[in-house]
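By letter and in written order, the chains are A, B, C and D; residue numbering begins at 1 in each of them.
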Amino acid sequence: MLSEERRVEQQSALTQPAAGRLAAPDVRDEFGLETIDMSMGPQHPAMHGLLRLILELDGETVVRCDPVMGYLHRCQEKIAENRMYPAVIPLTDRLDYFANMHNEHGYVLAVEDQLDVEIPPRAEYIRVLMCELMRLASHIPSIGFLMLELGAFTPILYAFRERERIQTIFEAVTGARMMFHYIRIGGVKADLPPDIPQQIWDYIEGLEARFQSDFVDLIQDNEIFISRTRGVGKMTGEKALEMGLTGPPLRCTGVDFDIRRDYPYSIYPELEFDVITDTAGDVEASYRVRIAECLQSIRLIKQCLEKMPEGAVMGDLGRRLRPKEGDGFGRVESPRGEFAVHIVSDGSDTPYRVHYRDPSFCNMQLLQEVVPGHYLPDIMPIMGLIDPVSGGWDK
Amino acid sequence: MQTVLNLLEAEPIRLFLSFGVILFLVLNLAAILTMAERKASAYIQLRYGPNRVGPRGLLQPAADVFKLFTKENVTPGRADLWVFLGAPIAMFIPAALVWMVVPFSPDAVVADLNVGILFFVAITSIGALGVVMAGYGSRSTFSLLGALRGAAQIISYEVPLILSLLGVIMLTGSLSLVDVVNAQGDAFWTWYFLPQLPMFLTFYIAGLAEVKRVPFDLPEGESEIVGGFMVEYSGMTWALIQAAEFASMGLMSAVSVTLFLGGWQPPLPFLDLGPFNWVWFGLKTSLIMFTFQWIRWSLPRLRMDQLMDLGWKVLVPITLVWLFVTAGAMLIIPGN
Amino acid sequence: MAVTLPEGNLEDRLKRYLDGFSGRHGLRESEIIGNAVRVVVAPGDVPAVLATAKEALGIRHLSFITVVDRVGSFELTYELIDLRGARVMVKAVIEGEEPVIGSVTGIYPTANWHEREAYDMFGVAFAGHPDLRRLYMWQDHFDHHPLLKSFEISTRRTFEGLR
Amino acid sequence: MPQVGQGILKGMGVTLRHLFENKITRQYPEYKRDLPERSRGMLTVDMDRCIACLQCMRICPDHCISIEQEKRDADGSGKAKPYAIGFVIDDSRCMYCSLCVEVCPVNCIYHTEEFEAQAYNRLELARQFGERPVDPTIDPKPAVKKKPKAAKTAPKKEAAA
């Protein structure tokens, strides 16, 4: 059966004394009845990728939850250290593979921070347009995944219908459906094809018509959805900030922090949009925040299409790309939260050190603090609240 | 030749032959329902569903059955063999047995017991045993959780199921299903679902819970415990559990049609088809089965404590209140 | 009660942070670049500096911890943001091969996994961390730290069994 | 009226309405979508224009292009010019990032609309373009041992600090 070495390794993960390993109290009820140790994952329909939760259950109540990660760890930071600066961009697509455009944008901002290149305004507008389309293509399926984990099989199909249509737009502009490699250091790879703006306009009008019926009427007032998500994974703003949450999970607790407005980058200061916050801080609040953010993204896309200036799409870079020595920072509001890149360059044409701050990685700490005390089926909506992507937390 | 026919007419042999026919019909019903389920879910989700095997996908059930026959029955290492293999049988027999009591048309009833409803209630309570056997027998945490959930759910939803039958029994005064249908008259406003509307809804919801379908499919919680008590089954054993699921789903809709929607009675008097009245029974049952599937593809799943609250704190009080209302109405309105 | 976030325009907030730091701890270097305050401190009093940042100055969000392997020494960067446009970079350089530094999980609980990842990837031991285990790699049977410069990438292609 | 079942019924109304809408899935093998003009499928090389400058081999991040360069005097001008006698693209490693297409000076390597790359054995995915087959299992750019540059910059930092 299991090879001796694998069995020892499995045992060691489980047998460490529960109390010592985690802050959660060691629950033995008055009859001294033991809790069940259960491993949920790494292959599990609701784990948003490869994640293994070692759970200690008292009946159906979770006493301790210890995520085991690393199943999709490719050590991207080590690979990036051995590649030229532009060759790292296809790597960043594979980080948070549900918000590829935002990863590219974050990395490119970090490199441009150390490189005095002037990015033409049209390239900035195209970048923001693509990023907001990507936010739509990531928020809508995340609502679909939340409903799938609650047991409803239909919303995920409607969500992926929207994502497929956005992906055909991406394929026409960048050439690929997911791994775009489109945003380059100094601008974007190529200009928008002539028929694309009109195609995006038609898609946005169609989406607005369908959005209310498919994603709001079907879900928002559904009594079972309300009873399964209201009060589940409840957090205060204080606790969320302490745990380092960013993005929709933080905004649903009432803290209005959005990098597009507080740490403005690219041309977001020229566009108006408002930052959505909610007060409840539970799963239902995160659903409402994501729905409202989709409408904000639609508003932003329209503004980008109206104000799109003419001109070149690529700044003029030198023959060899050698950023100044020192630290380069790039911070972007990805659909899951703050995606930051810290590049340490030593003047050569390969980065000395690249460090990605992935929102899924930081939001996942919620599992250790908030899950104990909930029921087993509540783990699923809490995963929906965070909506992590395994490429993100495993890097 | 005549003696052979008389022999066949003799009571024990007729019963076995008709049970064989019923078994054949129920297995076909299960196969067709899997196909109907996949087509209905596909059309709701804006896709086509199986349309490759046979003309427009009609041979898909045959392909499924053939696959399940040839698939290997994997039994987990530590499983308790007898309990593990006995569970599908313990789940399928009740679902098939109760079909003998269901009146398709006045004379097409296998066994017109005068305690038909009591027989239905007694046999469906065996289903909980099958779930616990499956969950406990496969010796894995997921299936154990599924089994415990299944047992708690099925046993606690039998109470509203039975209470909602009492109203119908009080109105007809007899336990035999054929009498219940005859007492309902052949126009839809004389059917029992109008005077007994809350009872009908409770029976429908409790039926959904008995059959473990969304929003009550916690024993098989797809996204939580990955298949619950069914997780360790594959091949023919899994197929038998699925057949039991679909047979009991068809059974629940057939019984609710018999009790509340006037069995084989036509909705309007002039639509009476005489000997072909079982067509009405078929139409009404498939309508109810379609609503089962329609609910399955548009609602999420309840949590265990909410499931229990709904059962005990909502459905049981409704049925008790409506029993008094029915009793009062029967006293006040003479000749009802 | 809602979370109170710092107001006021950027420049004087940055100056306030700078005086707040220089007032309390001996800083090796401190300067303001754009919207960031860059502070270099001795590794010993990193927890103290972050404590003042959190309590005294009200900077509530630790964005990330970057460890850079300068072959002879390790350079840690703590990136703090106050959610309203200002950034604080606390840098510390630890000499030697076996880096040990105080853990800041007590002050910023979010540092729990950042430090575990730094330990897993670089071997930086964080004293006082509640649960310092490896985050990505196998718990036992793997005693390397992949992101060190000394850890070689092997691009040997494995094709056995596919001829 | 308290929230008793209206939300559920509204949701089921939506699903019922979708039941009768026309379907959106496309039957893939029978109906092949016409890909947009820029879509990046499997690579192909126009061998007679290739001048074997090895740019694409150097820039490829996944080391999937291996070229064997030879010198010959093709057009009788007396000077032997390099050409690629062996050219292999290993599709089991290629991630379609199109860095090679951008760097090729004579742009003779470009994407086709073909994206169904499947084979029973990974080695069959290595497509040969030149006269002589090239062994795809050899890494064209083995990782050269980078001398630790940090030593060079470290002393400068001490001097500066």
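Definition applied: a residue touches a chain if its C-beta (ideal position, glycine included) is under 8 Å from a C-beta of that chain, and two chains touch if they have at least 3 such contacts.
On a predicted model such as this, the values are computed, not experimentally measured, just so you know.
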Taking each chain's C-alpha mean as its centre, the one farthest from chain C: B
Of A-C and A-B, pair with higher C-beta contact tally: A-C
Chain B-chain C separation of Cα centroids, rounded to whole Å: 61
Inter-chain centre distance, chain C versus chain D - centres from mean C-alpha coordinates, in Å: 37
Whole-Å gap separating chain A and chain B, where each centre is the average of the chain's CA atoms: 44
Geometric centre distance via CA averages, chain C-chain A, whole Å: 22
Per-residue overlap in chain C, given as positions that touch at least 2 other chains: 69, 153
Junction residues of chain B, two or more chains touched: 44-47, 297-299
Multi-chain contact sites of chain D, meaning residues that touch two or more partners: 8, 11, 14-15, 18, 24, 143, 150
Interface residues, chain A side, partner chain C - complex: 5, 8-9, 12-13, 21-23, 69-70, 73, 75, 77-79, 82, 237-238, 241-244, 246, 254-255, 257, 262-263, 327, 329, 331, 338, 340, 342, 344, 352-353, 355, 357, 361-362, 364-365, 368-369, 394-395
Touching residues (chain side chain C, partner chain A) in the complex: 2-3, 5, 35-36, 60-64, 66, 68-69, 77, 79, 81, 83-85, 87, 89, 108-114, 117, 121, 130-131, 135-141, 146-147, 151, 153
Residues on chain A engaged by chain D in the complex (per definition of touch): 82-84, 86-87, 90-91, 154, 158, 161, 168, 171-176, 179, 181, 189-190, 193, 213-214, 217-226, 325, 346-348, 352
Complex contacts: residues of chain A adjacent to chain B: 1, 36, 38, 44-46, 60, 147-154, 157-158, 161, 218, 222, 224-225, 227-228, 375-380
Of chain D, residues touching chain B in the complex: 8, 11-12, 14-16, 18-19, 21, 23-25, 27
